[in-house]
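So that you can tell them apart, the chains are marked A, B, C and D in the order they are listed, and the count of residues begins at 1 in each.
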Amino acid sequence: METEEERTFDFARTVALSDGVFAIALTLLVLSITVPTLSSGHHGELDRRLLHRGSEFGSYALSFVVIAGLWVRHHTFFRELRRVDGRITVLNLVYLGFVAFLPYPTRVLGLYGDQAIAVTLYAATAGTLGLLAGLSRTHALRAGLVSPAGRRQLGRREHPALVPTVFLASIPIAWASTTAALLSWLLLAIFPALRQRLGQRKPGAQ
Amino acid sequence: METEEERTFDFARTVALSDGVFAIALTLLVLSITVPTLSSGHHGELDRRLLHRGSEFGSYALSFVVIAGLWVRHHTFFRELRRVDGRITVLNLVYLGFVAFLPYPTRVLGLYGDQAIAVTLYAATAGTLGLLAGLSRTHALRAGLVSPAGRRQLGRREHPALVPTVFLASIPIAWASTTAALLSWLLLAIFPALRQRLGQRKPGAQ
Amino acid sequence: METEEERTFDFARTVALSDGVFAIALTLLVLSITVPTLSSGHHGELDRRLLHRGSEFGSYALSFVVIAGLWVRHHTFFRELRRVDGRITVLNLVYLGFVAFLPYPTRVLGLYGDQAIAVTLYAATAGTLGLLAGLSRTHALRAGLVSPAGRRQLGRREHPALVPTVFLASIPIAWASTTAALLSWLLLAIFPALRQRLGQRKPGAQ
Amino acid sequence: METEEERTFDFARTVALSDGVFAIALTLLVLSITVPTLSSGHHGELDRRLLHRGSEFGSYALSFVVIAGLWVRHHTFFRELRRVDGRITVLNLVYLGFVAFLPYPTRVLGLYGDQAIAVTLYAATAGTLGLLAGLSRTHALRAGLVSPAGRRQLGRREHPALVPTVFLASIPIAWASTTAALLSWLLLAIFPALRQRLGQRKPGAQ
């Protein structure tokens, strides 16, 4: 049987590993932006060559927003946990595997955003992340890993099936129109802001 | 002589460095998957070109599972330690050197899994990791670095020679058949699940 | 409403993520220096080829000094905070996005320091970092996130608009003379040393 | 004036940033080993091509040992500090800049170990690291940052000028014989083992 101290240690190291993966995923993104190589006589073309990288800068910004958003959610979820068990540890490791993978589909999307396959790859990755987060939340609530206050906090979030449903539903849409699929994701960005404005009237709640 | 405070500090920094190496090794893996470069007229080929990278995605997943598995074992081992001494510090640093190296043989295996040398390189690295983990465990138990409760926990694990033996034994097998060698590793994946089901009847034990 | 424990957790993870991003941004810089590739008969040319990389070494040193300087400021700012709220979290994440991006403009500046666009890209990034740091400070003071002692410490710093103003003002200068723009940044490096010598007479203040 | 809490915070973040830089420098090394690319008909050449990378594996091992050794020294130094001041912070940041840079000269040395310039670059980097560590130790002792017990611990180390002197002295040797210069470094590896055997008779001292 585990002692209290062991639980604290498990918890601290799980959070430390997770923060490490998030920090590195965030910082590695800059490597995906290429530096223009100009021969000595053509330095004057630098303006044009940097502007030409617009989609790479956009892809960097998108990746950063997505991973930072996932970190905020991960952080508010783990804040409510009193301890972690083996299943949460495994779910969290698989989740981190998809966080660390996310720069790849984001980069493909930045370069080939007009292709249904690029949108599909991204939606499948993000949908899986949503599914894993939902499974973790559901398990934590059932297994009593969450404090009563945390239970209320997590209960106030959107239904755990919402994020994966939106992303998985966008995959068939992408094969008709990639623009429509991208717009359908925006609903998820608008949703929490809407809910926060309508539902949460308590001060101090993030 | 060391004070209690110094021991705590040693312990905390050793764990912090280890978690850092694990987190970075996990996250660097994504850099090994190459993004297809398509000329502007051939964007339609993206599907085919991504599917062609199946082995690179597989190699990413394999690496992630292996390193995550090592982290869980490292984590449950350090959880039972009351303090670290010079020998554990050195063994741990050498161990981390092989953890940080692991993406290399995994990548070679992902690309050339049909070659005995690729399987040999991977088995030698994983076998060495098993050997170092076994040495650390044996030393920690002998030098009294483990609490009585931790002693029971670690005693319940498989024999420290099992993992290195399986991997080192798979090397000659690989030169007859790489498939047979890869299948022999699967026994190690099945073994802990079997043991957990049969041997550990206490609740809360990971 | 948040409990005290939750606030501590938020704070600890925000600081951990930030330190991770700073540490990785600092360490990734070395990847931007290329190793000369010499054919076996021309090893003797190594001296000349390494000296030729002078601007890459300079760009590494500049990046390191800038990011280390930002870390010191980030660190002394967070030291004065009693807790973080949602807005500080968001401002900090955007700030980290620009910290992680900084190696890119620094590299472009190291290679093409004679081009106004390279200086502009760098000044815009650094100016945005200054702006975000200023916004964070102003918000923290207004929202009561700072202890009374911290309030005095932060009040002793330069005006929050100074850093962004100097950088944004250097952009038009760069299009007349890149050297003049680079020299205008040096004023910022001299300024804190001047202030420290003149204004702060208390011992122990960093 | 700083409060006790502020000092603890400074200390914790300085250590966290340092461990991050060490962990990343250790883990990035694996990226410097290239994976052989074989056309589909020549997979059988993999053995030969991997063996051909012997110097890259050696350079990985050397880098890992050097950075791990620096981490142990950094760690035992910071263990004795009661607090950090501005000067230690700056010295530590410059030190970390050279730690993060070390993979570059190590790689050059691994590829061109027979060239005096490669040995010179490495010796200059390592010598500077030794010099900075010596300056930090001297400053910490003079400024009273070290506890009385730590003062005795640090006093038992070798003279702070030893490491930089050996490395800087090896530079002119390298221009006569690179082998002699490399052998002169080995003395430093033998020295601590010798001292530990002869001088330290207290139990528990690392």
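Note that in this section contacts are C-beta pairs under 8 Å (C-beta built on N, C-alpha and C of every residue); 3 or more make two chains touch, one makes a residue touch a chain.
Quick caveat, the model's predicted, so the values are computed rather than measured.
Ranked by distance of CA centroids from chain A, the top chain is D. Copies chain C and chain D of the same chain sequence form an interface built mainly from non-equivalent positions, shared numbers / all numbers used being under half.
A rotation of 90° superposes the C-alpha trace of chain A on that of chain B, rounded to the nearest 5. Separation between the centroids of chain A and chain C, computed from CA atoms only, is 26 Å. We define each chain's centre as the mean of its Cα atoms; on that basis chain A and chain D are separated by 36 Å. For chain D, the set of residues that touch two or more other chains comprises 16, 19-20, 23-24, 28, 31. Per the touch definition, chain B reaches chain D in the complex via residues 1-3, 6, 9-10, 13, 16-17, 19-21, 23-25, 28, 31, 85-86, 89, 93, 96-97, 100-101, 103-104, 107-108, 111-112, 114-115, 117-118, 121. Here chain A touches chain C in the complex through residues 15-16, 19-20, 22-24, 26-31, 33, 35-36, 38, 43-44, 46-47, 50, 60-61, 64, 68, 71-72, 75, 78-79, 149, 202-206, going by the rule given at the top.
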